[in-house]
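In the two complexes below, chain A is the common chain; its partner is chain B in one and chain C in the other.
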Partner chain A sequence: MTASTVAASTADPAVGSPSESPAGARGHNAAAPRGGRDGNPFRARQRRLYIPFVAPAFVLYLAFLIVPLAGTFWISLHKWPGSGPMQWEGTRNYTYLLHDPVFLHSFRNTLVLLFGAGAATFALSFGLTMLLRDMVGRSTARSIIFFPNIVPALVLSILWGFLFQADGLVNKILGLIGVHHPPAWLAQNHLYSMILLGVVWTSTGFYTTIIMAAVDRIPPYLYEDCALAGANAWQRFRHVTLPLSWDVIGICAVLWTINAIKTFEFVLAMAGSSSGLPTPEVWTVSLYAYASAFASSGVPQYGLAAADSIVTLVLVAVLVFLIRRVMRRDTIEF
Partner chain B sequence: MKRNRHIRVVVTACIAGALAMTSAACGKSSTSAGSDGGKELTYWSMYKEGEPAQVALKASIGAFTKQTGIKVHVQWQGRDVLTKLQPTLNRKPAADLFDRNLAPVKSLMVPAGTASDLTDVLSTQIPGENKTIGDVLPDSYRSLGEVNKKLVVLPYNVVATGFWYNAAKFPTLAASPPKTWDDLQKLLDTQKAAGHAPLALDADIPDYNAYWYTSMVVSQLGVNSFHKAAGDKTGATWDQPGYLKAAQQIQKLASGGYFVSGYKASKFPAIQQKWANNKADFVIMGSWLPGEVKTYAAAGFKYASFPIPGNGTTASPVPSTAYGWVIPTKAAHRTAAEKLIAFLYGKAQMQSFADSTSTISARSDTTPSDAVAGAVASMKTNGTYQTDDAVNQDYADWWTKVFEPLDDKLITGNLTATAFIAKLKSQSVDYWKHAL
Partner chain C sequence: MSTINAIRGLRRHRTQRTGPFQRFLGAPLVWLFVAFNVAVLAWLLLSSTKTTRDLIATPWSLPHAIQWDNFARAWSAGNFGPAALNSAVLVAGTAAATIAVAAPAGYALSRLGARSAEGMTSLFAIGLGIPAQAIFLPLYAVMNSLGLVDSLWGLGLLYTATSMPFAVFFLTGFFRSLPAELEEAAALDGATPWYTFWRIMLPLARSGLVTLLLLNVIGHWGETFFALVFIQSQSLQTLPLAMLGFLQQMQYSGADWGGMFAGIAIVVLPIVVLYIWLGRRIIEGMTLGSGK
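Moving on to the complex of A and B:
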C-alpha cells in the first residue's frame, strides 16, 4: 500500500470532499423551502438582514475599489501631469508600453521574480517544513524563520545592501576563510540577483509558517503508516504532505503571485537612494509605475503610470485565474 | 423576485451614492483665492524638522513674526514638498510660499502656469537695509532660477559641483588647480603611482555617475552641448568627436583603476566615507559635501574644491543648482509671502543660514565658510550653468531611461566608449521615435 492510498483510504468517505461540501450546501439551500414559504421566521429574518449587512461593505467596496479602479483606467487613456486638464490619448499609453524597452525589461524582471524567486521560495519553504517537522524546538525555529517577515522590508533591504557591499560583513567573513576576491555582489550586473535573493530570504519564513501550519494538521498516523510501508522522505512528501496540504499551497501560490508582482519597496530601498531612483536595470512593473508618476524631476506621467497599473492588474488577474484552474483538486478530507 | 428587486434597488442606490461622493469630492475644492490681508501666510518647507537648515529658518521666521506681526503657518514637508503641493496648485494652493530647486518647478509648475514670475520681487527693499534683493543677488545665481527669462525660483542658496579634496593633503592645489583634463590626468597618475586611490565615486547612485560624463562633455564642447545632443531626435549630434572623447576619458578612468576599490559594488555613502577618511583623493560632488561628511570625516580634514577642468582655451563654468523661493500664481497671501522673502534676504538671516548649513548663500555680500570659499570663487570667475546641462530638467525621462543606464555601465567599466556612443545614439533615436 502506498502512502497516497493510505491517505485516501483513511479519508472519511461519509464526509466527502470539501469541494463538494459547499456545493452540496448550496444545493441544499437551493432545494430547501424558502423562509417566506416554509413559514420559518428565522429564515425570513435572515433574508431581511441580508441587504442591511451587505450594503455598507458594498458601498465601501464600490467607493474605495471599483470607482478608483475605473478612475485609474480613465486616467490611463489620457496624458496627465497630476493636475490641470487631461489630454485624451486613447490607447497610446498602452502602445507606448509595448515599445518602451524599460517597461519590457521591468516586466521581464517581474516575471523572473514571480517564477524564479517563487520557485526558490517554495522549494525552501517545503524543505524547511520537512526539516522542521520532526525537529526538537521547532516552534523556536519557526519563530526565527518567521522573524524577517515581521521586520519591515525597508529595513531588511537596507541591511541586505550593507551586508553585501564591497566592504560588507559577507565579504569580510569570506576574507577570513580565504576568499580574497569575492564577487562584486552589488555591482550592476549582479544587483537584481541579490534583490531576488533578498526577496526569497524575507518571504521564505512567511510561506514556511503557513505550510507548516497545514502540515501540522496532517495526522501523525499517516506518516507512521508510511514508515511501516517503507516510504522514504520524498515519497512521504509526494504522497502525504503535498496532497494533504494542497489547498493551503494553492492559497500560498495566489498570495505569492500578488505579492511578487507588487514588489516595490525592497527594490527601491536596496538599490535606490534618498536622492533618486534605482537604475532601471532593476525596476519591476510597480517601480515603473512609481517612477512614471513620482520621479524627482520631469513632468509626471500619470497616464503612463495608470496604464502600467492596469497591465499589472490584468497580469495578476490572469495569473490568479490560471493558478486556481491548475491547482484545482478535490481536497482530501482527513 | 421581490428579493432580486430589493438587491437591484440597493445596488442602484449604492452606485448613485458612490458617484455622488466622488463628484462631491471632485467639486469641493474652492476656486476662490481668498483675500490677501497680508497678516498671515502658509509656508511649506523642503526641510524636515531637525535639519540645520530647518533650525536656522525656524529662528528667522520667528524673528519675522516678531518684527512684522505676520503669522507664518509653517509645515516642514521635506524634499517632496512640491509633489505634495501639486494637486492643490490649480485651485487654491495649500501653501503661499515654498522652497525648492528649479528642476521640479520647471517640470511640474511652469508648463501648467502655476509658478509666479518673481522678477518684480527683486526690486523689493530688504528691511533695515538700503538695498533691494536684486542688488545683492548676482546674475550668475539669478539665472539658475529662471525659465525663459522668468524668475520662477528666487535663489537663496546655491550648490556648486566640482572636484573636492582634502586641502591638508594638497596644500598647493588651491593656488594652482588643474586647468585642463590633461593636467588633471597627470595629477591622478602621480597619485596612483604613489599608491593612492585617486578618485572616489558611489556608483550605485546614477546621478553621481552622470556628473562625470556631463561635465566632461561641457568642458570639451561648451555649455548647452550635452543638452543639444540629448534633444537631438536624429541622434546625429552624438557623432561629433567631443562626445566620444569625453566617453574615452571616462573609460580610461574606469579601466585604469583610478577609482577606489569597491566603488561599483557599494552602497552610498560607503565610498564617500572612504574619501572623507583619506582613502581616496578626489570626488566630484555638490557643495553640500562638507556638511554631509563632517560627522564621519577624518580629524583635521580641510575641505576644498576646484572647478571641473576646461578644454584649455576657456575656463569651464561651474555646474550649479539654485534652491530658492517659489510662490504659486494662485497663492492667497502673496504680499505676505513677498515680505517674508525680503526679510529672509536680510544679511543677518542669510549669513546665519549659510553658517549653520555650511552652504553657499545666494547673497553675494555674505562671507562663505572656508569649506565652500573656493567654490564661491570659482563661480564668480568661471560663471555658472545648470547642473547636468539642464538635461535632467528638460529631458528627464530620456535621462532616466536612456542616458543613465548606459552611463552607469560606462563608468563601471562594463561598456567601452565606442559602444557607449553607438548605443546612446541608437537608443536615443528609438526613444524619440516613440516618446509620448
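Moving on to the complex of A and C:
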C-alpha cells in the first residue's frame, strides 16, 4: 500500500506537464510557465510544488513510523538482546506471550482500562455535557475540567500517588468525616483501580469538550419539540442528543481506543519501588513492552517486547475496525 | 379545550421537574468536579513553598514561611534546572521544525489539487493510531548505530518525525478552510506559486500554525516514553526524566515532597500560564478534527 502511494505521488506532477523530467519538476522557480492539463499555467506550475512540499514530511513519516513498524514485526519473529546476531524464532515469541502470566495480566489490565475506564469516562462525559448544557458559567467550567488534559500525565500521576498515600490528603479528609480505617489505596489489590480512577479523571474533560461541541450543534427547536411532547431528560437524551451526536461519539471511541492503549506515564510513576518499575500487577501492554526491552535486570528481550507491541497494534486495529463497523449509520443531516 | 389545557399544564409540570433536578443536584456536582481541579492545582502550587514536614502534618495550612529553598534544591540537586533548559530547547526546536516541514505538506495536500493528495492525507491520518511502543525498538537500534541515542538532536528529530501525522492532518484541514480568492488574485497578479505560498497563504494560516505550535509544545513538554528510552545521561535529561529521577532518589534519601512539588511547579507553571493566556485556542485545537 505504501509503495503504491509513493508511486502514485511521484507520477502525479507528470500529469500536469508530461514533457518534463522529474528533476525539472523539483525546481519550483526555475521552470518557465507552461500550459498544463487544464490550460492554466499557474495551476500547472503550482502543482510542481507538490512533491518538494510533501516529500520531507512524508520521508520523516515513512522513516520514523512506517518502516519501524515493519521492523518491529521483523524483530518479533526473533530472539534478540538488542545488539549482535538475531536468532530466528518464528512465532515462538507469540506463543510464549500466550502462556506468560505477566503478559496475560498486562493484557487484561489494558482491556479493563479500555472498556471499564472507557465506559466510566463516556458516562461521565455525557453526564457533564447534559448538565453543562444550560448552566451558568459553562465555558469556565469546561475549561477547568479540560485542564488536566494538558498537564503532563506524569505530574498527575505523582500527585495522585501522593493524595492517596497512607498519610495523604484523601485519608485525612476521610478521617475528618469519621472514616478511621480507610482502605490501603496503594496496596496491590487497589492500586490498579486507583490508576483507572486517575485516568478517568484526566480524560473526562477532553471527551466532554468534544461531545459538548457536537451537542451544541443540535438545533434548539428539537429540544423545544421534545418539551412540547413532554419528553423527560432521559428521552431527550435517547431520542435527540444521542442520534444527532452519533458520528462524534464514534470518533471519540476511536480516539479513546488509541489514547488508552498508549497509557504509560500514569502507571509508571505509580511505581513506588526503587527499581523504577511498578509491580507487574498494574502493568499494561505498554509497560510490558518497555520492561521486556529495558528492564534493569536480566537480558533485554527485544523479540518479546516487539511481539507485545504487535499484539497491541492488532488490538487497536481490530477495535477501530469494529467501532467503525458498529457505529456506522446513515448520517442524519440537520 | 379544558382537557388540552390540563394536559399542557401537566406537560409543563413534567418538563419543569427535570429543571430543578439539574439545577439543584447536577450543577453542584459539576462545580464540585471543577472545584476539585482548582483545589488540586492551587494545593500543588502552594505545597511547593512548604517544608516536607508541614506538607505531611498540616497539608491544608498556608505555608509558615515561603520555602524558596525547595526550588533551589529542585533546581540544582534535583537537576530540574538543566532539565528545564533541555526541555525548553528541545520543545522549541521540535515545534519549529515540525511546522517548517508540516506546513508545506499541509498546503500541498489541501490546495494543489494533486490526485494522490487524498490518499496521502489518509495515510498520514493512519499514523495517528501508531503508539510509541510499536516503533521504539527498531528506532532505538538504528538510531543507536547512528549515534543519535542519548542526544537531544536525536530526540528532537524523533519528536519532529512522530509529530508528522497530527501536524499534517491538522494543517491540511486548516489550509483547506482558507478562502481561495486571495490565491487566485495572486495568480492573476503574476505571483509565483512559491511566493503565493510564502507571502499569502502562510500568513493567512497563522492562527492555525500558532495553534499547532502550542499543541506541539504542550505535548512534548511532558513526553516521557521516548525520553526515557532515548536519553541516558543525566546532563541531557528532560523535565519528565528529572521528575522520575527525583521520585526514585526519594526512595534512598528520604521523602522530600517539598522539593518534589517545587519541581512539579517548575513543570506545571508554564503550562498554567499558557492555558490562562491561550486556553480557548488550545481546547479548540485539541478537539478539532473530531468535531466535524
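We take it that the second predicted complex is superposed on the first by the 268 of 334 C-alpha atoms of A that agree within 3 Å, B and C clash if a C-alpha of one lies under 4 Å from a C-alpha of the other, contacts with A are read in each partner's own complex, and residues count from 1 in each chain.
FYI, a contact is a pair of C-beta atoms (placed from the backbone, for glycine too) under 8 Å apart; a residue touches a chain by one contact, two chains touch by 3 or more.
These figures come from a predicted structure and were not determined experimentally.
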Query = Which partner does A:65 contact after superposing on A: first (chain B), second (chain C), both, neither?
reply = second
Note = Between chain B and chain C, more residues of chain A are touched by C
Task = Once the structures are superposed on A, label A:306 by its partner contacts, choosing first (chain B), second (chain C), both or neither.
result = second
Query = After superposition on the shared chain, which partner residues are touched by A:326: those of chain B (first), chain C (second), both, or neither?
reply = neither
Query = Given the touch rule stated above, what does A:47 touch, chain B (first), chain C (second), both, or neither?
reply = both
Query = In the superposed arrangement, which partner chain does A:82 touch: chain B (first), chain C (second), both, or neither?
reply = both
Request  = Mind working out whether A:318 is in touch with chain B, chain C, both or neither, as first, second, both or neither?
outcome  = neither
Task = Figure out whether A:167 sits in contact with chain B (first) or chain C (second), or with both, or with neither.
result = both
Request  = Could you look at A:206 and tell me whether it touches chain B, chain C, both or neither (first, second, both, neither)?
outcome  = second
Ask   = Looking at the overlay, does A:99 come into contact with chain B only (first), chain C only (second), both, or neither?
value = first
Request  = Return the residues of chain A at which the contacts from chain B and from chain C coincide.
outcome  = 47, 54, 58, 63, 66-67, 82-83, 162, 167, 271, 273-274, 276, 294
Message = For a test of understanding, state which residues of chain A touch chain B in their complex under the given definition.
response = 47, 51, 54-55, 58-59, 62-63, 66-67, 79, 81-84, 89, 92-93, 96, 99-102, 161-162, 165-167, 184-190, 271, 273-277, 279-281, 291, 294-301, 303-304
Message = Under the definition above, what is the set of chain B residues touching chain A in their complex?
response = 3, 6-7, 10-11, 14-15, 17-19, 21-22, 79-80, 83, 86-87, 89-90, 103-104, 107-108, 111-112, 114, 204-207, 261-268, 270, 392-393, 396-397, 399-401, 404-405, 408-409, 412, 414, 427, 430, 434, 436
Key: Residues of chain A that touch chain C when the two form their complex   = 2, 5, 8-9, 12-13, 15, 28-29, 42-43, 45-50, 52-54, 56-58, 60-61, 63-69, 71-72, 74-75, 82-83, 128, 130-132, 134-135, 140-155, 158-159, 162-163, 167, 169, 172, 206, 209-210, 213-214, 227-233, 248, 251-252, 255, 258, 261-262, 264-265, 268-269, 271, 273-274, 276, 285-286, 289-290, 293-294, 302, 305-306, 308-310, 312-313, 316-317, 320
Residues of chain C defined as touching chain A within the complex = 10-11, 14-15, 17-18, 21-22, 26-27, 29-31, 33-34, 37-38, 40-41, 43-44, 56, 59, 101-102, 104-105, 107-109, 112-117, 119-120, 123-124, 127-142, 157-158, 160-162, 164-165, 167-168, 187, 192-194, 196-197, 218, 221-225, 228-229, 239-240, 243-244, 247-248, 251-252, 257, 260, 264, 267-268, 271, 275, 279-280, 282-283, 286-287, 290-291
